[in-house]
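In the part that follows, the structures are each spelled out as structure tokens.
Across the two complexes that follow, subunit A remains constant while its partner is subunit B and subsequently subunit C.
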Partner chain A sequence: MSATNQPPLLDVRGLTTEFVTRTGAVAAVRNVSLSVRRGEKVAIVGESGCGKSTLALSILGLVDRPGRIAAGEVRLHGRNLVGLSEREMKKIRGNVVSLIFQDPMGALDPIQTVGAQLIDTLRRHQPSLSHKAARARAVELLREVEVPAAERRLDDYPHHYSGGMRQRVMIAIALANSPALIIADEPTTALDVTTQAQVLALLERVVANHGVAVLLITHNLGVVAEFCDGVQVMYAGRIVERGPTEAVLAKPTHPYTQALLESIPDPSRRGDRLRAIPGMPPDLSAMPTGCAFEPRCFHGHGREICRTRQPIPIAIETAGGPSLVECHFAAERAARAGEITAS
Partner chain B sequence: MLRLISGRVATSLISLFGASLIAFVLLRLTPGDPARLFLGQFAGEDAVQALRAELGLDGSMFSQYLIYMQRFLSGDWGFSYSTGQSVAELLLARFPATVELGLFAFLFAFVAAVSCALISVYRRGPVSDGGARALSFFAQGVPPFWFGLMMLLVFFEGFGWLPGPEGRLGLRVIPPPTVTGLMTVDALLAGDWTAFKDAVRHLILPAVTLGLMPFGFLYRLLRANLEGVTREPFITVARGRGLTRWAAYVRHALPNAFLPTLTAAGLLFGQLLAGSVLVERVFVWPGAGALVTDGVLKQDFSVVQAFILLSAFLYVLTSLVVDILAALLDPRVAQSQGGGR
Partner chain C sequence: MSPETATPLLIVDRLEKSFAARNSNPFKPSREKLRAVDGISFTVERGETFGLVGESGCGKSTAARAILRLVEPTGGRVSFDGIDIAGLAPEPMRKLRRRMQMVFQDSTGTLDPRMSVRDLVEEPLIVHGLGDAAARRAKVDAMLELVGIRPEFATRKPHQFSGGQRQRIGIARALVLEPELVVLDEPISALDVSVQAQILNLLKDLQERLGLSYVFIVHDLTVAEFFCDRLAVLYLGQVMESGAASELFSNPQHPYTVSLLSAVPRVGTKGSNRIILEGEVSPLGSGASTGCAFRARCPVGRDRPICASDRPVLAPRGTGDHTVACHFPGELRAAP
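After this line comes the complex of A and B, so read on.
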């Protein structure tokens, strides 16, 4: 891992994104802070609808009306991106920060060739590049992401590609202008398991080769364990626990993280009932006044403080480094987890 | 691609055959005797019979059809009973005016629909949204002849910006030599800038009037498609690659939204080419519309039949062009219809 005192590449502070509806503003991302250092791989995990994708789009300034960034900063190399014009942002998108989208089937324009879209990405940010040179570079990129017969396949349309191949193309497009950060929004979710593993391995390799930082958005904790240095657990628009991957996954402190981990089938607990988290995430337009997870929490047991007060992040010292946990009982739970492992 | 085109040409020929058959049979089945009409009520029965024989009206329906088609294809479209002129001459003198008006009306409808749809979807504001929607309802609902008169009242009578109902050119402008029959094209070919400008000025009001309904229709269709396409992931991805929202809309959303409207646009275009009697009347446009209504009223069926065939030909031709265009623009169509890649 890179040195801790290095200034972060991406520094998100107190970001709140809301959608204005007839009945009022609904915040999908609430006061989120996170940072990604150069070359670091950070995961954001959470169930569907928790605001992960909105967070990704907010960082790139891609949230359109009726959505808007209501508060906070997105600092890239120290420069705040919130409020920049579309003209300024287009120089950053696809150049300094690129995006890999979750749905490879719909992420490419169906009526343009794959090559046209790849070459367009290159030449937009490198206007001096001739069409021929851009084409040569595009072939190189397709080879790097292991698309067979790259030269010929450049002139194919997206519908000639399989899902896995399209996601490789997306990775090639993301890499095209040697970005400092790739935001990958569920890059393997829509693929079958074998292809998932291949695409993930490829992503891991190219990221390592280029030294690109990655903000990986996923609901797959297996992917997080394998791929990421740090993890942020998101629930109802807030980051409820964050820390080094190993520490968070081995000893989850927040009840939600623990419940999430326990809901994964574990071969060593064969015969046990799979533990699903009871209930549903809260309606974003009618959030509980206290902790957002309180209605589903097995720890609080309806304690007064959980229902009435929004927990503040509490720092926990773990073996892998510091963690932050938004739970009133974080310290107590961390200590108990320590005892359990100690005994 | 070649297979696709040849298939389309074959279906087009079948459509044309069908159109010719329907036009022929329907007109023969309407009551009235053209020979009697032509010669007048005082002509003797012998003379009427002689003319019927000369016109081939005494033969069977089938032989009449064969003779008609044979002559039609060799360029002999018969003559008009009411005017005594050759139908080919009559129609060729007037049809280009109708076609030119149709072309400009479509140009207006298309450009206006695309710009309005793009702007209203891009801005997403309630004002531009509601305004454009109201405009399209108006466009689809207003009777064209009334709208044409209002346009004349405002832009000719009121402001005097545009010429009044005086046909295709001003009285003092010398028409360019006829090559294509399209006034603007002929003027350009002759290098006559004055005539070109005058022809365009004369086209504006009738073209807008005629194109208003297709504009409203195309706008609503395009807008609905565009709204759907702008929510597609590839638009977000295109912006993530470094396109501004506007660029992503124009380069990626518009072509994808346009594809499904292509067929509808082609049909509208075909309809516009066939002209509109009412709009031509209002603007004293020397098109085929008046000729054909007169032909129908006077049972001058050589004229009507030739007009139907000519319109059918243009209609089928536009459909053919649209199909080929769709295959060229959308790689998936070419592939699914046996074109390979």
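After this line comes the complex of A and C, so read on.
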């Protein structure tokens, strides 16, 4: 790991993103702080509607009306991106930070060849590059993401590519201008498991080669375990637990993280019932006053403090480093988990 | 239920479904056939869950539809409770459908947005002409309660429910006819993991209470291993390996099964020794007519002559009814 006292590449502080609706403003991202260091791979994990994609879009200044960033800062290389003009943001997107979407077919232009899109991305941020040089660089990029017969495939359209190959093209485009950070929103969710393994292995290789940091947004805890150094678990717009991946997944402290892990079918318990999380995430326009997870929580459900007070982040020491947990009982639960493993 | 409990509820024998491959010239129809289902055989016992596992394009959904004759099979035999389905006239087939139902992945697409939940669950009863209005209503309410939809929500429309609840409604629609066999086509794939667990628990409860048999189509191997009693791993319309879930996952023999299991990212294991297959599933032009369907991607047989010339047949291997279609079973092992 890189030195801890290095200033973070991305530093999000107290970010709140709201959407204005007829009944008032609804916050999809609530007071979120997170940082990503150079070359670090960080996951944001959560279920649909938890705000993980909105967080990614907020970082890139892509939240459209009626959404708006209501509070907080997004610092990239120390510079606050919140409030920058669209012109300024366009210099950053695809250059310093790039984005990989779940659905490459929706992100690629269907009526332009893959080569044209790669060249366009390159020359947008490097205007001095000649067309010929850009084309040569595009071939290099396609080779790097292991598209077979790269030179010929450059003139194919996205629909000529298979799903896995399209995602490779997305990675090539994301890498084109040597960004410092790639935000990948569910990059392998639409892929088959063997293709997912190929794409994850490729992503791992190219980010290591280029020293790019990755903010990976996913719902798949297996992918997190596989790929990421650190993990942030999101629930109802807040990061409820964060820490080193191995420690958090092996010994989750927040009841939500634990319940999420226990929802994954465990083949050694075939025939049993799974420990499902009852109910549904709260309606963001009618949030509980206390902890957002309290109505579904096996630990805190019905407890006075959980119902009335929003928990503050509590620092926990884990084997892999410090973690932060937004739960009133975090210290108690961490201590008990320690005892269980010690005995 | 019929008295002859010794025979399996469902026997699928060399089932085939091929489609005419698309051709660029519309005036010259292609002779080439896309064999979506290419001679699949398996049996489903009463009360068990049989899994059809594989990646997209392996033919698992087409196989399920061919079993229910939602698409007409182009070859092979399907026998349900001793009745040969392929030869059945439309009317007896329609009657038989009451006993074999299907739950789809996308419940939103199968529920008419203008109908109330009560009407949606009642519809199959009306189609099959079962009971009078009062009896149907009682049955619908009982069914909704069984799947965990509160009766006071019965007048609501599908869009007023969450994805998990809509899947419960889809299950209620399938089960209200009291079928014996339910084909579940990726019923939890579109759901969040915590909701997946709720639906899996519900399916298990219903199976125990109602004595249902399931054909469970699934791409998620973790779910398959947890939920299925026996299963078949499909690749390009053929069974690569089949057997009891516990045996198959602990002792996989086919290189495809081994690679597939190794590709699953899991919590608690860092897969540095992962087997990564090259290439992708390509149904056309794979030359699957001769030799093994998997050989183009196979780490074991890619360059072996026998794999190119002879199609391996399913042969017993391991314990129980474990069978493998491979010339070199057990050769590829996942590193621990």
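One rule holds in what follows: the second predicted complex is superposed on the first by the 342 of 343 C-alpha atoms of A that agree within 3 Å, B and C clash if a C-alpha of one lies under 4 Å from a C-alpha of the other, contacts with A are read in each partner's own complex, and residues count from 1 in each chain.
Note that in this section a contact is a pair of C-beta atoms (placed from the backbone, for glycine too) under 8 Å apart; a residue touches a chain by one contact, two chains touch by 3 or more.
Only a predicted model underlies this, so the values are computations on that prediction, with no experimental measurement involved.
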item	value
First (subunit B), second (subunit C), both or neither touched by A:Gly24	neither
Subunit B versus subunit C as contact partner of A:Ile111, first or second or both or neither	first
Partner chain in contact with A:Asp64 - subunit B first, subunit C second, else both or neither	first
Contacts of A:Asp103 with subunit B and subunit C, given as first, second, both or neither	first
Touched partner set for A:Ala201, first subunit B, second subunit C, both or neither	second
List of subunit A residues in touch with subunit B within their complex	57, 60, 62, 64-65, 86-87, 90-91, 93-95, 98-99, 101-103, 106-112, 117, 120-121, 124-125, 156-157, 159-160, 170, 173
Parts of subunit B lying in touch with subunit A, wherever the complex brings them together	124, 232-234, 236-247, 252, 255-256, 259, 329-332, 335, 341
Residue ranges of subunit A in contact with subunit C within the complex	47-48, 162, 164-165, 192-198, 200-201, 219-227, 249-250, 259-261, 263-267, 269-270, 273-278, 280
Subunit A-touching residues of subunit C, taken from the complex the two chains share	55-56, 162, 164, 192-198, 200-201, 204-205, 219, 221-223, 225-227, 245-246, 249, 259-260, 262-271, 274, 276-278, 280-281
